[in-house]
Each structure stands twice: as C-alpha cells, then as structure tokens.
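A, B, C, D and E are the chain letters, set down in written order, and residue numbers restart from 1 in every chain.
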C-alpha cells in the first residue's frame, strides 16, 4: 500500500505503524442482486487498519449497497465479508456486537429524532457497551466537544443545522469506539457552507488513524485524506488507485467520463 | 425587449448592445417578514435587460424569498417591485399574465407529474398564450431539442433523470418567451454528474442574452456566466459586484467568511 | 415489495429461520386447537347439521333470499358511491373556495356529517321519508340507507380530495402559477387531476366502507344481505351458518376491493407519482407501505 | 323535547354510549397493539396471523361481528359473561367493538411506524442495538407519537360505531332513536337532534384532544 | 257508495280482477313466512281466501315491516296489509281496518318441561323479546325481577331458547305457536298462554274505503262459515294451539 497523503500529523503515523498491513475489512467475490438488477458484481476489496478508502462512481453504481453490506444492513448472496478476520455474523447478538464495532454515518444523518443530542450519543454506550450513565455522558461530551457541538447537547436533532446533525452522527458512531467507520455520502444532503465543517471533522479523524470507508463526491476530501480511491460503475470495481494517480490519470473510459462530468464545474 | 432566441449563435453581444441600460426588474426598498423573522430587509436591486445576476449567500439568508417575491409567489409588505416599468399586479388575470412573462425554474423541478414532457411544455402556450396545439407543439419540440431531451417528449417526468427533468423545466419556461428567468438553486437537487448538463443549458441561455436572476452555489457558473454577483446575508444585500472582483476581493467580512467556507473544498 | 417490506429487522439468519419456523408450527398448533374447540362446540349445538347447511348448498336459498339481498347491498352501495362522489367533489370545491363564508359553511356541514353516526342518520332519514312519504314507499328504506351513506361518505370524500390537494408538493401549484395559469386554472388543470389520481386508492377503499355500511340498513328493514339472511333464517332456522356465509361474501368482495386499491396504488407508483410527498421517498415508512394516506383509518371504519 | 327525557332514558343511553366507548377503546388499544406487533414482527407466521386478523375483521360489517359474538360465543358455545343478560349483552358488545376496532388500531400503529424515516431503525441497528432494543428505544416511542392522529380517528369512529350494538339490545343512543321511532315517531326529529348533538359534543373534544396531543408530542424532523 | 268508486283507484290498476298486492310479514312462521319463493302462514291463507273470494285475481305478496305498514297502504303500494296488524286507535287515524280476523294474546314460549306455567314462574328467569316491543315492557311491569335479553328479531330469540340460553320468550301466542310448529323446533317448545292482553288482528286498507272493508268482512265471514278459517288456524298454528274460542273467530267490527 502507498503511504497516506504525506502524513501531516503525528497520531496517524503511529497508528499506521502499529496496524498497517493488517487487513481489517476484506470482501471477497461478493455478489448481490436486487431482483433482476446485479448491483454488486464480483466485489473484491481489502481495507487495512488505519487506511482511508474513498469510493466514488456514478449514481446507482452500487456504492451505498457496498457500504451497507459491510454492516449487513444488506445481505449478500455469495462471497464473503470478514472484519478483523471474522466473517460477518448472520444474526443475533453477535451481529449486533459486530455492528457496534463498525460505525456508520448516513447521508440523512438519522439521528434519533425523539432523543436529545446527548442521549443520541450515549444510547449505544449505555445499552450496548453497558457503560454507566455518568461515564457515557462524560465521554459523549468529550466527543461532542471534539466535533464542535457540545453546547447543543441538550437540544433535539431538529433544532440543529444539517452540518451540526451530521457531526453529532459522527460523534454517535465514535462513542462506540468502532474499528472502522463507514460514511455514505455524508455531505450530500448538506448546504454548501456546512459541507466543510463535516469534512474537517472527517479529515481530522483520518489523520488520527481511523480506518474509514467513505462514499463521497467531494473530490477535495478524496485528494486530501484518502489513501486510496475506488471507482465503481454498474456494480463493479473498475479502478483502485492512490488519489493523485486516479484523478490525473484514470485508466478506464468510464472513470474518465465520470471525472469529466464531475470536475469541470 | 430583446430578441433572445432566434439567433442561435453569439447573440449575446448584440442583445446587450441593444438593451443594456434599460432596467427590467427593479426592486425598491422591499421588506418582508415571516412572523418575527425579517427575511428581506431594505432590498434595492435593479436588473437590466440581458443581464445575468447571480445571487449567493448562506442558507436562510432570503435568496429564495427574493426570487419568489419577484414572481409574487411571496407577497411583500412594503417597497415596490416593477417589471419592465410596471408594478407587480396584486391578483387575478393581470398577475397571471405577468407571471407568464417571468420564467421560474425551481430547485425541485416541479414538472407537472401527470402530464408528459411535451404536455408540460405546451400547457402554458396553449392555456395562457392561447396558441394552437400544433404551433405550441412545434415550438416545444424545438425547445426540447435545444435542451437535449427531445427524444423523451412522450415520457412522464418521473421516467427522466433529475438533470433531464430540470432541462425540461427550463424548456417549459422558455416556451412562454419570458422577459426574465428566475432560477432558484436549479442544480442543488441533482446528482453531481448531472449538474453540468443543466449548467451548460443555462450558460448557453445567458450567452444568448436572456435576462436571468440565478440563485446558485455553483461558483464556476457565476464566474463564467454572470454579469454581476449579489451577495445576501440575513435578508440584506451586502455586496454587488462583477464576479471576478467579488470572488477575488470581497468587501465584507460576511462575504469573506462565506467564500472561505464554500471555496476550500 | 417483499425485498423492501420492512427494514425494522434484519434479514433472518439460519438460526432465526429455524426459530421462526418453530414459532410458526407452535402458532399453527395453537390456532388449530382453538379452532377445533370452536368447531366441537358448534357441532355440539348442531350448527353443522345437514339440515342447517343443506339449504345453503341448494339453490333456493340463494335465488329467493341471498341473491336479492346481495343485489340490494350492491345497489345501495353503487348509488351511494356515485352520490357521495358528487357530494364530496362539490363540497371539496366549496371548502377550497376563496370566499370565506362559503368555506366556513361547507366546513361546518362536512364536519357535522362526519361526527354523527351513520346509523342515527339512517334511522332519522328513514323516519322522515316514512313520515312525510317523501319517496315511493317501496324506496323508503333504500332512500334512508342512501341518504345516510351519501352524507357521511360524501363528507369523507370531500376531506380525502382536500387532503389529496394538500399533500401534493407545494411546487406543483407554484409551477402552475409561474407558467401564468390563474388560481382557478391551476386548481383545475394541475392540482385536482393529480389529487384525484393520487387519492384513487383511498376512494376505492372508501367503497369498502360503503359496502360494509349498507349492512346498517338492516336496522331500517332495507333488504340487503344481512336482512335477507335473517329472513331466510326465519324459514330455515340456520342463522349462525347463514351469518358465516354472509360474512364470507362481504370479506371476499371487500378484500378484492382492497386488493384493487393496492393494485391501483402500485400502478400509480410505477407510473411515477413524483407528486408523492418527497419525504415519503426519503423514507416515509419503515414498515412497508400499504397504509396509504393518513385519512385512511378514519375512512375504513364506521 | 322535555317529554322525551321523561318518557325515555336518554341520559342512561348517553351514559351507556360513553361506557361502551371508554372500555372498548382501552381494550382495543391493547389488542390492537398486540396485533400490530405480530404484523411487524420478523416471524412470518405471526405476520400472517396478524395480517389475516386485520383482513378478516376489517372487511366484515361490525353488525355481523357483534352478532357473531353473541350468537356464536354466547348462544352456540354457551360462554356466559354474566348471569344478568343485559350485562352479558353489554360485555359481548364490548368484545365485538374491541375485536373490530383492534384491527384499525393495528393499522393506525402501523401507519405510525410508517411516519418514521427508514434510516431510524437502521441507525439503531448500526450502533449495535438488537431488534428488541431498537424497537423499544427507537421505533415504538416514535411510532406511538406518529400514530396519535390515526388513533384519535379510530377513537372517534369507535364512539360512533357503538350505535351498532343496538341490534343485540344494548340500550345506547341508537336504541333510544329506534325506540322513539317506534313509540313516539312524531318526536323523531327531536330525538335525532339530541343524539346528534351528543355525538358532536362527544367527538369534537376527541379530535381536538388528539390534535393537541399529537402536536405537543410530535417528533420534529 | 263512495267506497265503490274508490276501490279501483286504490289498487292503481291492480285492485280489480287482474291482481292484488298484499303486505305480509316475511319472517314469522305460522303467520307470514317467506319459504323459498312461496309464502305460508295464517295471514297468507287469509289473504289468499279473501282475494279469491273477492275475485281480485292473483295475489302478489310484499313485505310489510311494522314501521312501514301505514305508508305502504296510504301510498297505494299495497292494497291490504295482513301482517299481525293490531287494530289500535292511533292507527285508525291513518288507515281503515277490515276484520278483525283473529284475536291473539300475549303468551310465553318455553322449552317443554321447563316448569314455567305463567308469569309467576318467570322471576329470575331469562326472558327474550324484541327491542321496543310492548310485550317485553308489560312483562317487566308484572315481574320486575325478570332477566331480559332483547334481540331485533324473534328468530334469534327462538334460537337462543332452543340452545337453552334463555328460559322463555314472549310475544303474541300466534307467533310463538308458529315457532313451536317449525320443523327444527317441533316437539321442543310449548306455549304458555294467559300472560297478557289481547292483540286484535285486522286487515289494513286505505282509509275510508268502506266498500272494500265491507266486502272483505263478507269474505271473512264466509271463510269462518265454510270452516276454512278453522282449517287455516289449525294448519298454521298447530294441533295443540289452544284457541280461545270465547273470542275467536271474532265478530267483524262495523266498517267506517
């Protein structure tokens, strides 16, 4: 694997040194249909500890499905997905436990609308990790502080702007201390001036060595934070490369075409 | 009024020469509240024949309201809005006639879902302009050709991609031969790879000399096609300038801050 | 549908599937046991005697009682749905009128008819028809049934249409106005056609309500299924078996209507009701959708 | 009009309507919730059972259901709910009203669940909550709030539908109307005005109340 | 004389030789019962006899629910109503009555061997009647402790009695006898008479049609004299029906 983008800050270096080379998420020959539609075709993908992988591709190419399959929000038909060497459990407590280890951030935030910001962040630690309320809240406040919304802790999600909600969603995931975080277009429901506040949090996370799989159209983020860009089209992974290489010199026509559409404006 | 459309190529220079200087849309001291919220404060804005004005500003700053007020989809409390020298009628036939002269393109396309593409475009000419069906359809097909969706004429809106729908919406407005076109974030509901196909149509329109007021976050478009950029914040117009000047040298802190947020990613 | 039916829970794994199958078997056994107990009791009381069921298999009971009753049910329902549709359409327009007092009066009338039980209106209007001999006396009961069903269901349909217009995306109206259509033209050519199409499933399921409510005509001697079943039972002495048969007829007809409504709904969705509330697309429903517009409950009752 | 009050037990009929409504409402809410949980459960057999229940009950006229309760359970199967026949009929009326409206309560709750965006349950599961936990912590609290309005509509319909039990001789307001029609038909208009006014006054607060409640408890999105 | 002139009008074409429409009950065994596509019962037999005697042609039966009887007559939908139609002063204001042709009395229907022999035995027993009927009210006055179930039809009471869920039902002895004689209950029930007052069955016709009234009364007299009346009673109400011969066959009242 190539070196991450020039490693500006210390923490990343360390965690990479510890973990780099160890595969964390491994997909092998994954297949998935929706009815007649073949949405995931022969997907092989390995994401290593501390690596940041950005997935891009046209609408409908299967990026979300890929992301969701890793969390088993979608089942796959054949092939295998392993996390930290263990295959995805199929059900029950084990599956729940695995999901606690895989953070997921959605396009539409999905904060629990009837709970306060603080409750959103502490729910998982209390119910799943069985932490005490005080411990959970202390940790939650730290995380909210870190994403910059600590002063909103007692509000309800609807009272926050989209960018703030998404940062809370990231804090909620982080509270579970996940091994890997999945982001499915985390900024595409946001007003433009809020996009950066979320991308900044994500970039910081990447720098700290979090393993991340990010579906996004934000090419700036991909260049800045990704170790690798994966290009999907029609359910297939067509290209994988370091960002610089991918953006300046895409190999396939599909990728060229896609980049052409997306980069000129 | 200039001849916007009969010359397919390079008419912009001409029409500007003809019309530049004649005010078309004039807002004077416009005020508007939503409850306690003062959404339009002392708005003064003059848009000339053939001019392309891009309105930018943070979310909630009143851009949409401004746009909608010009079409009287929102009423204003005081001040005046005139189009081609005539104040906005308050109701009835006259208001309808005025609206026919002001094209409006919405963020969410708003094609008539129960009518085909062709019917969407011919509805106004037939019902409002009292054109014959054949004439209206002939003209509609020309416009659909121009925006590149003529082959979809007999489909229903839901069968088209977002980008295609938005181009139809533009054709629908053009079919009324409007004096001015209003665009309210026409690309922000689109997938990234469809944004350009819409911006291209709008750029062409601008080149042909159409008078346009465009609310958008697409800075590329603003640089490329705008004669003037208007920056709004908290219901006020804080800056007006030619694009180059505005982007490189914003005068107010608000504008600097906003551009800072929006341009880095 | 089946794929998307519910995201409330995960797709079942092998263990869950086994467990579910076990639940299924146990549940089936339990239900079979309850049914067996009921059947045994019914049998003890002779409800399954040949004497009680033979007439039902034979043709005479059908030609002399049930079919005329069914005809009465269908006839009252058909007349009522037509009149209620007209009533609802007119009152919807009145309730959306730009003249305040018209809106207000129409609203009061509609709300009144929605608040008063259908049966009371039936008894009352029937009493009036009889007392003042307002229609030929052979139609007293029919008129009573139709009047009550029309007033109630017409009011409901009025609200359905109104909410149909309300549920259209705001942009549809605005786009109509922007093209230069007047308020009236926008209502007529843009909003109402979409509202009525979108509400078609609700309107069809309103038929179920009307059909069921014709059975209230029983109380005012209207010759519908339940009434004719009772008359038949006076002769054959098999009321319980007959009620079972009548319930089956109602269920079959109403279930078919419900399915029809669902089919229409799917068709509309396929043809691309982009008019549906955008929220609904963003995720209006984690339980799978057949619930339809929120008014549906109200209307399915009574 | 005063003579109606002397001649007939109007107040008793109103009280009967209120009792029927209140008791059936509580029972229907309980039964309907159980059916709704079956319909929403991951167990196919339970879902089938819940769906069948709703389809059967919802498509049968209430009059028939009330008959079945009394004729099937009391007369044929001999289950007597009280040695006092009027109480027995009253209780069967409640059973009939309950089982019928439970189907609608179930549908109201389901539509409440439908007001919850898809992502909520997924988000719950993706932080590691189990099915039961996500139901308890995330889905049901929101579903009940979203269901308040349809539940209110069901309650109003239930109040009006109590009139149907006149057929088994429970002395509520339709019984009163029928009685007047039989014995003092010149007073029918007055009787209708009294009964209609009662229902308007009885149901309007229900509508306003549930409207207020659903606004107050609404989950803002 | 003036009655004669009204008769043809009353039937609006069906009153004279080409047919007559008679309102009866459809659901009362022994009196007026629709059995498949034909009709049976005392009321039906009386109607047929009268129609034949008066040369009215074929008889068409229509259902005449209690509440609609006056209007059916007034509007000319039926020429006569013979449907356990008690003569009362209130009704006389709206229609005229021929007859009476039978005087029934309130009675109880009980299971054989139940030991109930009269109203005294009813205390604490379960009694069934039809909602809003006067018979139930009367019994309640006499025996306050009675345990009353009301249904909307007598058939339901009869079924409940047959199933043993109630101890007695009450209404006119004619109707009760009709049930006691129905196939499915034959031998199971017995009628207990001497419970309450008389119900005087008349034939309702258009008000003031004394001509028709007199002709019907003539026919009724013939029916009694010829023995047809007695035969009809026995056939429909059963051999063991205890006819109160002090009152029956009744003397026709003067037409007015």
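Just so we're on the same page, a residue touches a chain if its C-beta (ideal position, glycine included) is under 8 Å from a C-beta of that chain, and two chains touch if they have at least 3 such contacts.
Bear in mind the structure is a predicted one, so any value in this text is a computation, not a measurement.
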Where subunit A and subunit D overlap in contact partners, by chain label: C
Geometric centre: closest chain by C-alpha means: C
Pair of chains whose C-beta contact count is the highest in the structure: C-D
Between subunit A and subunit B, centroid-to-centroid distance (C-alpha), Å: 37
Centre-of-Cα separation between subunit D and subunit C, whole angstrom: 16
Gap in Å, rounded to a whole number, between the CA centres of subunit C and subunit A: 47
Subunit B-subunit D separation of Cα centroids, rounded to whole Å: 53
Multi-chain contact residues (two or more partners), subunit B: none
Where subunit D touches two or more other chains, by residue: 71, 75-76, 78, 117, 119-120, 122, 125, 166-167, 178, 181
Residue numbers of subunit C (touch at least two other chains): 7, 10, 12, 16, 45, 130, 218-219, 239-240, 282-283
Set of all touching chain pairs, with the criterion as stated earlier: A-B, A-C, A-D, B-C, C-D, C-E, D-E
Parts of subunit D lying in touch with subunit C, wherever the complex brings them together: 40-46, 49, 55-56, 58-64, 67-68, 71-72, 75-78, 101, 104, 107-108, 110-111, 113-122, 125, 131, 134-135, 139, 149-150, 153-154, 156-158, 160-164, 166-167, 173-174, 177-178, 181, 185-186, 188-189, 192, 195-196, 199-200, 203-204
Touch list for subunit C against partner subunit B, complex: 169, 171-172, 174-182, 185, 189-190, 193-194, 197, 271-275, 278
Complex contact set, residues of subunit B against subunit C: 68, 71, 73, 92-93, 96-97, 99-104, 106, 108-114, 123-124, 127-129, 156-159, 169, 172-173, 176
Residues on subunit E engaged by subunit C in the complex (per definition of touch): 26-29, 33-37, 62-63, 65, 67-68, 71-72, 74-75, 77, 152-156, 158-159, 163, 182-185
Complex interface listing, subunit D residues touching subunit A: 117, 119-120, 122-130, 133, 137-138, 141-142, 145, 219-221
